[in-house]
Amino acid sequence: MKARAGIVGFRGYSGAELVRILSGHPQAQPVLLEHRSDVEHRAQPIDSKAVSALPCTAEAVRNHRLAVVFLATPADVSMELAPALLATGTKVIDLSGAYRLRTQENYSRWYKEDHKSADLLAEAVYGLPEFYRAAIPQARLISNPGCYPTAANLAIKPLLERGLVDRAHGIVCDAKSGVSGAGRKPTLKTHFCEAAENVTAYSILNHRHVPEVLLTSGLEEAEFSFTAQLIPIDRGILETIYFRAVQGTTADRILDAYRSRYAGEPFVRLYKHGQIPDLKPVQRTNFCDIGFRFDPATGRAVVVAVIDNLVKGAAGQAVQNMNLALGYEETAGLL
Amino acid sequence: MKARAGIVGFRGYSGAELVRILSGHPQAQPVLLEHRSDVEHRAQPIDSKAVSALPCTAEAVRNHRLAVVFLATPADVSMELAPALLATGTKVIDLSGAYRLRTQENYSRWYKEDHKSADLLAEAVYGLPEFYRAAIPQARLISNPGCYPTAANLAIKPLLERGLVDRAHGIVCDAKSGVSGAGRKPTLKTHFCEAAENVTAYSILNHRHVPEVLLTSGLEEAEFSFTAQLIPIDRGILETIYFRAVQGTTADRILDAYRSRYAGEPFVRLYKHGQIPDLKPVQRTNFCDIGFRFDPATGRAVVVAVIDNLVKGAAGQAVQNMNLALGYEETAGLL
Amino acid sequence: MKARAGIVGFRGYSGAELVRILSGHPQAQPVLLEHRSDVEHRAQPIDSKAVSALPCTAEAVRNHRLAVVFLATPADVSMELAPALLATGTKVIDLSGAYRLRTQENYSRWYKEDHKSADLLAEAVYGLPEFYRAAIPQARLISNPGCYPTAANLAIKPLLERGLVDRAHGIVCDAKSGVSGAGRKPTLKTHFCEAAENVTAYSILNHRHVPEVLLTSGLEEAEFSFTAQLIPIDRGILETIYFRAVQGTTADRILDAYRSRYAGEPFVRLYKHGQIPDLKPVQRTNFCDIGFRFDPATGRAVVVAVIDNLVKGAAGQAVQNMNLALGYEETAGLL
Amino acid sequence: MKARAGIVGFRGYSGAELVRILSGHPQAQPVLLEHRSDVEHRAQPIDSKAVSALPCTAEAVRNHRLAVVFLATPADVSMELAPALLATGTKVIDLSGAYRLRTQENYSRWYKEDHKSADLLAEAVYGLPEFYRAAIPQARLISNPGCYPTAANLAIKPLLERGLVDRAHGIVCDAKSGVSGAGRKPTLKTHFCEAAENVTAYSILNHRHVPEVLLTSGLEEAEFSFTAQLIPIDRGILETIYFRAVQGTTADRILDAYRSRYAGEPFVRLYKHGQIPDLKPVQRTNFCDIGFRFDPATGRAVVVAVIDNLVKGAAGQAVQNMNLALGYEETAGLL
């Protein structure tokens, strides 16, 4: 008997990816939860399995005994839905930014709006398993990390922990993302003729994902410069990260910092010094691949981290969190 | 002293292309006319030439002595604006489908709405210069052809005139268009993630552009099958046209039909038998390139015609019409 | 104990797709067979499962007891390898065009070269399971269909069998394919800057895949006009098929012809009259989706069939054939 | 009587762009010079102006009195051709990297080969008009800047001159380029299926264009980190540049540094603080657009500079240099 996993926002890109992953999961099955939505259906083959959705109510969650509900919704919808859903006893995994920060003040600063259920901020667990695995099983509310911070923290934190980064010089993270990261709601920015043959940098130095990197990595805002850029691909994020290493750093020590930290990690893969991953090996997977190049003469280092923004950057990591929360094999449905 | 040419809808793709072409025109200059509009501005460099637009009123057209007004607007807007603009004495070149058909009945059938200024239908001249050049100079209202019919009629009509097509077998026209043909208003269909890595066939056997082909070519509806398909490119149309040739046809006779018909035409270019154009030679130009292949053993023939949907399929042909209407060199601003 | 399935040409696009599908197969596992090859490796993560390939020799096939060998190679390589491999007692599934036609003469006509192992032509079974399922289990040599003919025959044959097509009018098949269909070897045609923002029609009226359609459908060459076009997508084929239906045809009868023929078929999905599939529902799947539109007033019909050229058009169908040949569930590894 | 401008490498992307620009130049006309070449011709319309090319010999240059010869060739070809061409008295504008560095040693270090005409290194003038305008008219040999250094130096140098950059923190330049920057010769990297839906970082920390930035900007190698990345677009470069500003810097001072330096410059356009250009306004133009964002609280600054890699990054700037070298209006043929 498979566990039932509700999905709110199943017509969006992250939600549809959740449906896809959970449809192949050995221990869980997707249950669609209909909330208000402005995105259109697609034509369906005749006799295709009826896409019948339940109403997204506390009653439906109780009656159908949903073990977990995924919120693939905008932050304001998540803030509204989470409290009522949690009251049913289900676990909630929120893919929006609603519960990623720790305080109401910090939320207001970066999201430019008041929080509607701020009492949950302290309770929510930040679902980056590689760093917070222990806290996830007992969490009622798991806040799934943003796509950019997932790659950034996986690439930066082992080096900071090992003290290899000259923090006074600061760290630069230049991120390129597929257009699916901007959501399925049509806007001029996501119009094919505006996005194709183009690169669009946005939210420079004040992107909402920055505070997530600071909280996890321990960096100060002044030490971290981040730019997000939309490029004409559907899915994938490549982040190019620049820093100055401390005296005595070598390529081997950098690689060793990663290998020690990620030994046994199922979803982080490392490349030899000088080998740089591109997006192809991670698309449609839950992997984060990391490569780097270090110049011993000057101490300059460049790390490249790649993920699929809809998988390790959203739905895949959410299922990884579900696996931990419900006591399944962490990789179930993901390899 | 350059003639002033008003442009309504200058933020859309066809309108912006009109601005671009007219900015380099030796005898005319663009004047922006602001109508209600839901598309956004782009960021502009400092000190960039002020994009100041006049209100789109009969008064402004009179006061600024606009010699011509281009309507790069949806059909319902064109139907509303044209009568008032014509009353000022200016010429109107309409890029929508509002005035391309000859009767109210035919318009209602294909556009699924009543015509708001049907009295102008009989007067409007269909601005396909290669076939209606003589009528254009004296026209008050020029109806600029649709993008698909422009390529289709240029490819088909010389062969029909010469009697080379076995009409009983019918003609098939399979059209592939860039996404700019769907306009700048964001929709799910034009979302990058839906349009990229995809092909979308639409309005099969009942596309609004079909009656334009019938009117110009003289084909019956039963003789002409047309499918339009969006492919993930910004601009360009390639039409693949299939027919059975009458007994006695040869590749030379087909080529000769084209060469005779288009001798001296500045914007139609022909390829040798078996050489097939792609989109690169016509993008950002007002050319229509035509190639074909004929199989004498079976009489099967395939013609490929390519244009830039925003130039020969819209703004470029509109300027070609303006040149004829105002007595300029037909190619002015277009080569 | 899983059966071993050798793959020659595993670095090409079809070969890599075979590796991907077989890696998730419940009863078979991929074994890489190294042949001469000019395509490059990609960088690999540290500790990634060693990609060790056996030499592609009869001895290796025997020693490692390969139950089947897939040839994802050009036709001239397949013609050379198949006889020696068959001599080992293994089954061979060839993805090239080498064994798709029935006679040496027909092969020479369409492939412009002599056949090197023509004695196998009569023996090879054409692996289109929807029409030749019964013959596949006992075949030693299975010739996997071409990508274009797979979609074309699935779309056309049920209508021909039911007598709904007015064959005197001929059938037109206009195909649009992703660039992966042209193979991984770099050429000017597959250069990003030539293929992007472009459409390229090629081999008009003499494409090598035409005789496969004729053999399976029973159409005469004069009755079938085919054009293949490369469009700027990675993978996927959409075919737009035009014909005139015989008197008395209705949309219901067309749909019924498909439904009767494909009842129980696991990989063919049908759409209601007027609903037209695009590529998204079939990419990375072994499905062929079919939709159509019929105009009763004129008898004109348009059918749209979509597949993933690397899956149902190549590697997926090859695994479907392997499943039949080795006695597994037909859908194993494919759903 | 127009001056004759020879073009070697006219079938490559930069060379074809030179042909396009010079065909519309009021005072010069292109003359094609045939050298060994492996790139293919395209099909041409019937009666298209004969593309007849002269042999690329000193004799042809003399006989046809070429005022200038553009070398749109690889560095090793340019090193070979330049001396003989200069001997004819013509001016040479080289678009390769052959003459961009000042010493044989530096060339060998970055280009990993010996220089074949090192005596010309000292004489060659670096053709970045915004900084070396005075030296260009009297130069015999003009070395056209690389695409990446053009954008980087235009973005960085005014700030360094004004002392606004805290050089101890270093400058990071993250560049994204269209695939045309990799040339027209087909490789696996430029194959559509490898480049589409992908980002490829290459030559990290040791790209050949780095020393050009150092020479022009005066930065030390340790102060400048550069990564080039291919993204799936045809043409355009966007560079995101990160630095820490010195105490007392304000957004106004940054903007003022640019405005003072570029007052009167025809091809540099500036944006207001916080407005960031994308590629659309510069594609197919010779403009470099620059925008930035500054955070006064932390001193972090991000500058975005965009150009068309084939125009301001290659052929357009080469024509700008020709205009200066032959005494024409600097913008002739370029606006």
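Order as written gives the chain letters A, B, C and D; numbering starts at 1 within each chain.
Assume a residue touches a chain if its C-beta (ideal position, glycine included) is under 8 Å from a C-beta of that chain, and two chains touch if they have at least 3 such contacts.
Since the structure is predicted, the reported quantities are computational estimates derived from the model, not experimental observations.
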Which of A-C and C-D has more C-beta pairs touching across its chains: C-D
Remotest chain, chain C as reference, centres from CA atoms: D
Distance between the centres, which are taken as Cα means, of chain D and chain C, whole angstrom: 46
Centre distance in Å when chain A and chain D are each reduced to the mean of their C-alpha atoms: 38
Mean-CA-position distance for chain C and chain A (Å): 37
Residues of chain C whose C-beta touches two or more other chains: 178, 196-197, 232-235, 276, 280
In the complex, chain B residues that touch chain A: 13, 39-40, 178-180, 184, 186-188, 190-193, 195-197, 232-235
In the complex with chain A, residue positions of chain C that touch it: 42-48, 197, 259, 269-272, 275-277, 280-281, 284, 289, 291
Contacting residues of chain C [partner chain B, same complex]: 169-170, 172, 174, 176, 178, 194, 196-202, 204-206, 221-222, 225, 227, 229, 231-236, 238, 240, 242, 244, 276, 278-280, 283, 293, 295, 297-300, 302, 304
